[in-house]
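Next, two complexes with subunit A in common: one pairs it with subunit B, the other with subunit C.
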Partner chain A sequence: MTLELKGIEKTVGEEVHIHPTDLTLEAGSFNILLGTTLSGKTTLMQLMAGLDRPTGGRLFVDGRDVTGMRVQDRNVSMVYQQFINYPNWSVFENIASPLRVAKVSESEIKARVGQMAELLKLSAMLDRRPSELSGGQQQRTAMARALVKDSGLLLLDEPLANLDFKLREELREELPKLFADRDCVVVYATTEPTEALLLGGKTATLHEGRVTQFGTTGDIYRTPKDVISAKVFSEPPINTATIRKHDGRITLGAVASWDPPAHLAAVPDGDYELGLRPHHISPVPGEGRDVKIAGEVLVTELSGSESTVHIRVGNETWVSLSHGIHAFNVGATAELYADMRHAYYFGADGALIAG
Partner chain B sequence: MRKSWIVPTAYIAFLMLPIYWLVNMSFKTTNEILGGFSLYPKEFTLDNYVTIFTDPTWYMGYVNSLTYVGINTVLSVAVALPAAYAFSRYRFVGDKHLFFWLLTNRMAPPAVFALPFFQLYSAVGLFDTHIAVALSHTLFNIPLAVWILEGFMSGVPKELDETAYVDGHSFWGFFLKIFIPTIAAGIGVACFFCFMFSWVELLLAKTLTAVEAKPIAATMTRTASTSGYELGLLAAAGTLTIVPGAFVIYFVRNYIAKGFALGRV
Partner chain C sequence: MNKTVNQKAWLFVLPVFVLVAFNAIIPLMTVVNYSVQETFGDNTFFWSGVLWFEEVLNSERFHDSLFRQLMFTFSILAIEIPLGIAIALTMPRKGPWVPVCLVLMALPLLIPWNVVGAMWNIFALPDIGFLGYVLNALGFDYNFTRQPGDAWFTLILMDVWHWTSLVVLLSYAGLVSIPDAYYQAAKIDGAKGWAIFRHIQLPKMKRVLTIAVLLRFMDSFMIYTEASVLTGGGPGNSTTVLSIDLVKIALGQFDLGPAAAMSLIYFLIILLLSWVFYTLMMRNEES
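For the complex of A and B:
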């Protein structure tokens, strides 16, 4: 099925939870909602599911208006961040729940639950109660229940967030396989840009109840439409600074200056906003990294084979993420080298100046 | 550390003393009770119990009490379930005030309501019926049950409700088949407190009944009869009055602990 949001909005009292949103999710597509906590991911999903009524706009499934339809009458599944299962039912009954309501025959229930349990490695624990399972198994049970019926819309609200990282990686690898031969629309909410990139598909970046950009995940990462989308889709956060184009040069205050890229040649002189991902800045100079930025070290984080260095330059903080161990003393002066070939330039309205 | 059992043992012994004395008396003859001090029955007798179980004026007291307590418990919890669900799941104008107002019903002593209830129930012909006592006790028990159940229900994430709707369950299907079993512990605790309150409440029960629905506690206040003071008989009746409470508490003891953990009991 195809899900279409036309001007869907949600306000509670004076507060706007979701600004008018237009979004078309194709049949068989994998869609990621990427945004920080409280950016409106869950609200948007509840509106899609029909658990919440939009205060404006219409929702279409295959061209049919379903805006006011009860969630029970729609064909949706949902998996939450918390492990939600019916505590008094066995794992088998939990998975069978949607089929029982749909009055599927006993033999078919057995077959389909068995098949689902096989797929999600739950076969050995069908007789147990959810509380007797590990966190990962509880979430698998919730997923099995969501997948056992052939729903047209499958909503996954940060399903891996409460799992420890090993289980998360394991389950994340299996996820795309589970949806591969289905024709349903999958919507997956996450706060982690890395997770979005690993899962692929399409991504909608969400910021304060607004979908800022929607498209193929890789494209959105490579060409953010505006500063906000770039900020949402960057971990650690993208570096931003005000720069000035003047006399054919770009200057970053009195700190550094460099030649503008070709696509910036035509824009008029003036102030612009620069965006540069942390991994394009390194404590060591190298190929293309020719713009030197020096400042006071605020924080250094060494994690195994990567170093994160935060420095203060004037009023701005710059973050560098680089391979290898680069230790600095807090308060010392560090010199970082930025590769401005990868920089994004945004106009006064925040929109990307295309290149 | 090794002597740490002394204090709790002494404390429990101290608490159990009056109960022991009651049970002790119930197996004595009235003459022995009045005759002197004895730590255990010298002439062990079951006559007191036999009298209670054979004389309708005695055993009907238990039947009456259990009847209105049963009606009251079922009524209170049945009414409190949907109310508590509303308080735990929905936000509406004045919800917090309404919740608090419910609790304030518990703040007035029952004596305040004795007269209006007596007049009201007499006027509508409910005087001296089980339902009258059961209804009057709901005034105190429904707020209590709502309060206890709301705590348990709020401990269940609302995502459980949503998952059930997504699966296709109707509201009542979800409520009866999934939600109620999930908060069974809370219902147990609520039932226990309704039972307990209704069982020990004497003033309203006595005021609203005469003969047909006379509770056991009222029967027990009849201390003297043609044969003088029947202390042994009264002690036996008292012992039997403790039994249902002890019985109920045995079944809900684990749930009560859970209720304490939720900060509601």
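For the complex of A and C:
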């Protein structure tokens, strides 16, 4: 099925939770809602599911208006951040529950639950209760329950957030396989840009109840439409600063200056916003990193094979993420080298100046 | 790995031992002491073995009070637990009314027990009490000081009024701790009121309900103050439950031996029944 949001909005009292949103999610597509906590991911999902009524706009499934339709009539399933299963039912009964509601025959229930259990590696624990399972297995059960019925819309609200690192990676690898060959619209909410990149599909960046950009995940990452989308889709946060174009040079306060790229030649002189991802600035020069930026070291973090250095650049705090161990003393001045070929330039309205 | 034996560690445990000894073990042992001896004036004691236990266990009087006690406890459990859950389900989960409801619910629990008894005694008097007067005016022949049935009715009503709140508060705590997502998931599955209660709320409330049942069981099995102020065990012996009977034997008749034996039996019954309740309710949890 295809899900279409036309001007969907949600206000509670004076507060706008979701600004009018247009979004078309195609059949068989994998869509990621990327945004921080309280950016409106869950609200938007609940509006899509019909768990919550929009205060404006219409919702269409395959061109049919379903705005007022009850959630149980809509053929949706949802997986939550918490592991939601029926506490006093066995894993088998939990997975079977949507089929029982749909009055599927006993033999088919057996076959389909068995198949799902196989796929999600739950075959050995079908007789157990959720409380006897590990967190990962509980979430697998919840996923099996959501997948066992052929729902048209499958919503996953940060399903991996409550799992520990290892289980999260394991399940994340399996996820795309589970949704392949399905006709349903999958919507996956996450706060982590890395997770969005690993999962692929399409991404909608969300910021304060507004979808700022929607498109193929890789494209959105490479070409953010505006400074907000770039901020949402960057981990660690993208470095920003106000720069000035003047006399054919770009200056970043008194810190650095460099030649503008070709696509900036035509824009008039003045102030612009610069965006540079943390991995394009490093303590080691070379490979295009030719703009020296010096600043006071605020924080350094060494994690295995990567170094993170926070320095003060003008009024901003910049982060550099680089391979190898680079130790700096807090309070000292660090010299970092930026690759400005990868920099984004945003106009006064925040929109990207296309390259 | 070698374990190091540090005898000094006992010193740290000693305060607890002393405390428990003084507040539990030593008083209990005095009772044990009385229960196996015949006591005369001037503190003269004679060994009597299990005589008092035999006497108590064979006495019809004890059987009767034990039966009344069981009747009372199971009646109030059968009323208070479902009623408490029902009230908790109707209470708001959020909003300005939550604190109001909670305070109203906590109110009966804050009243001293003997005051509860006195309150209900006056409230139920057939001539001047509001309840008694209204019931009689409505044509019921109600007099709790004379008719055993009315006495039981009043006693149970008083206990329900006094203690249902505890069940409500515990159930409510269990209910509000259920994440919203459970209700959403149920909605997606098309589950309705009863199914949600049966398959989500009740299983999720199981632990607090176990505590509620245990607390209400133990407390009601030991009821003394309210009942003693309300009916004093009467009319006749009709509402003489175990603890009232025990006080009559121990302080009324000064039969220290039988009273001590009865105390121990009483204690063991509570212990045994609590264990049975706990095991039954937690049976599925551990399998």
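Here is the rule we go by: the second predicted complex is superposed on the first by the 355 of 355 C-alpha atoms of A that agree within 3 Å, B and C clash if a C-alpha of one lies under 4 Å from a C-alpha of the other, contacts with A are read in each partner's own complex, and residues count from 1 in each chain.
Just so it is clear, a residue touches a chain if its C-beta (ideal position, glycine included) is under 8 Å from a C-beta of that chain, and two chains touch if they have at least 3 such contacts.
Worth saying up front: this structure is predicted, and the values here are computed from it rather than measured.
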item: When subunit B and subunit C are modelled together on subunit A, clash or fit; value: clash
item: Which of subunit B and subunit C A:L197 touches, first, second, both or neither; value: neither
item: Touching partner for A:V71 - first (subunit B), second (subunit C), both, neither; value: both
item: Contacts of A:L51 with subunit B and subunit C, given as first, second, both or neither; value: both
item: Partner chain(s) touched by A:L167 [first = subunit B, second = subunit C, both, neither]; value: neither
item: Touching partner for A:L23 - first (subunit B), second (subunit C), both, neither; value: neither
item: Footprint overlap on subunit A, comparing subunit B with subunit C; value: 46, 49, 51, 71-72, 76-78, 80, 82, 84, 86-89, 97-98, 101
item: Contact footprint of subunit B on subunit A as seen in their complex; value: 46, 49, 51, 70-72, 76-78, 80, 82, 84, 86-89, 97-98, 101-102, 142, 145, 149
item: Subunit C - residues contacting subunit A, complex; value: 179, 181-182, 184-185, 187-191, 199-200, 203-204, 284-285
item: Subunit A to subunit C touching residues, read off their complex; value: 46, 49, 51, 71-72, 76-78, 80-82, 84, 86-89, 97-98, 101, 129, 131
item: Sites on subunit B touched by subunit A in the complex; value: 157, 159-160, 162-170, 173, 178, 181-182, 184
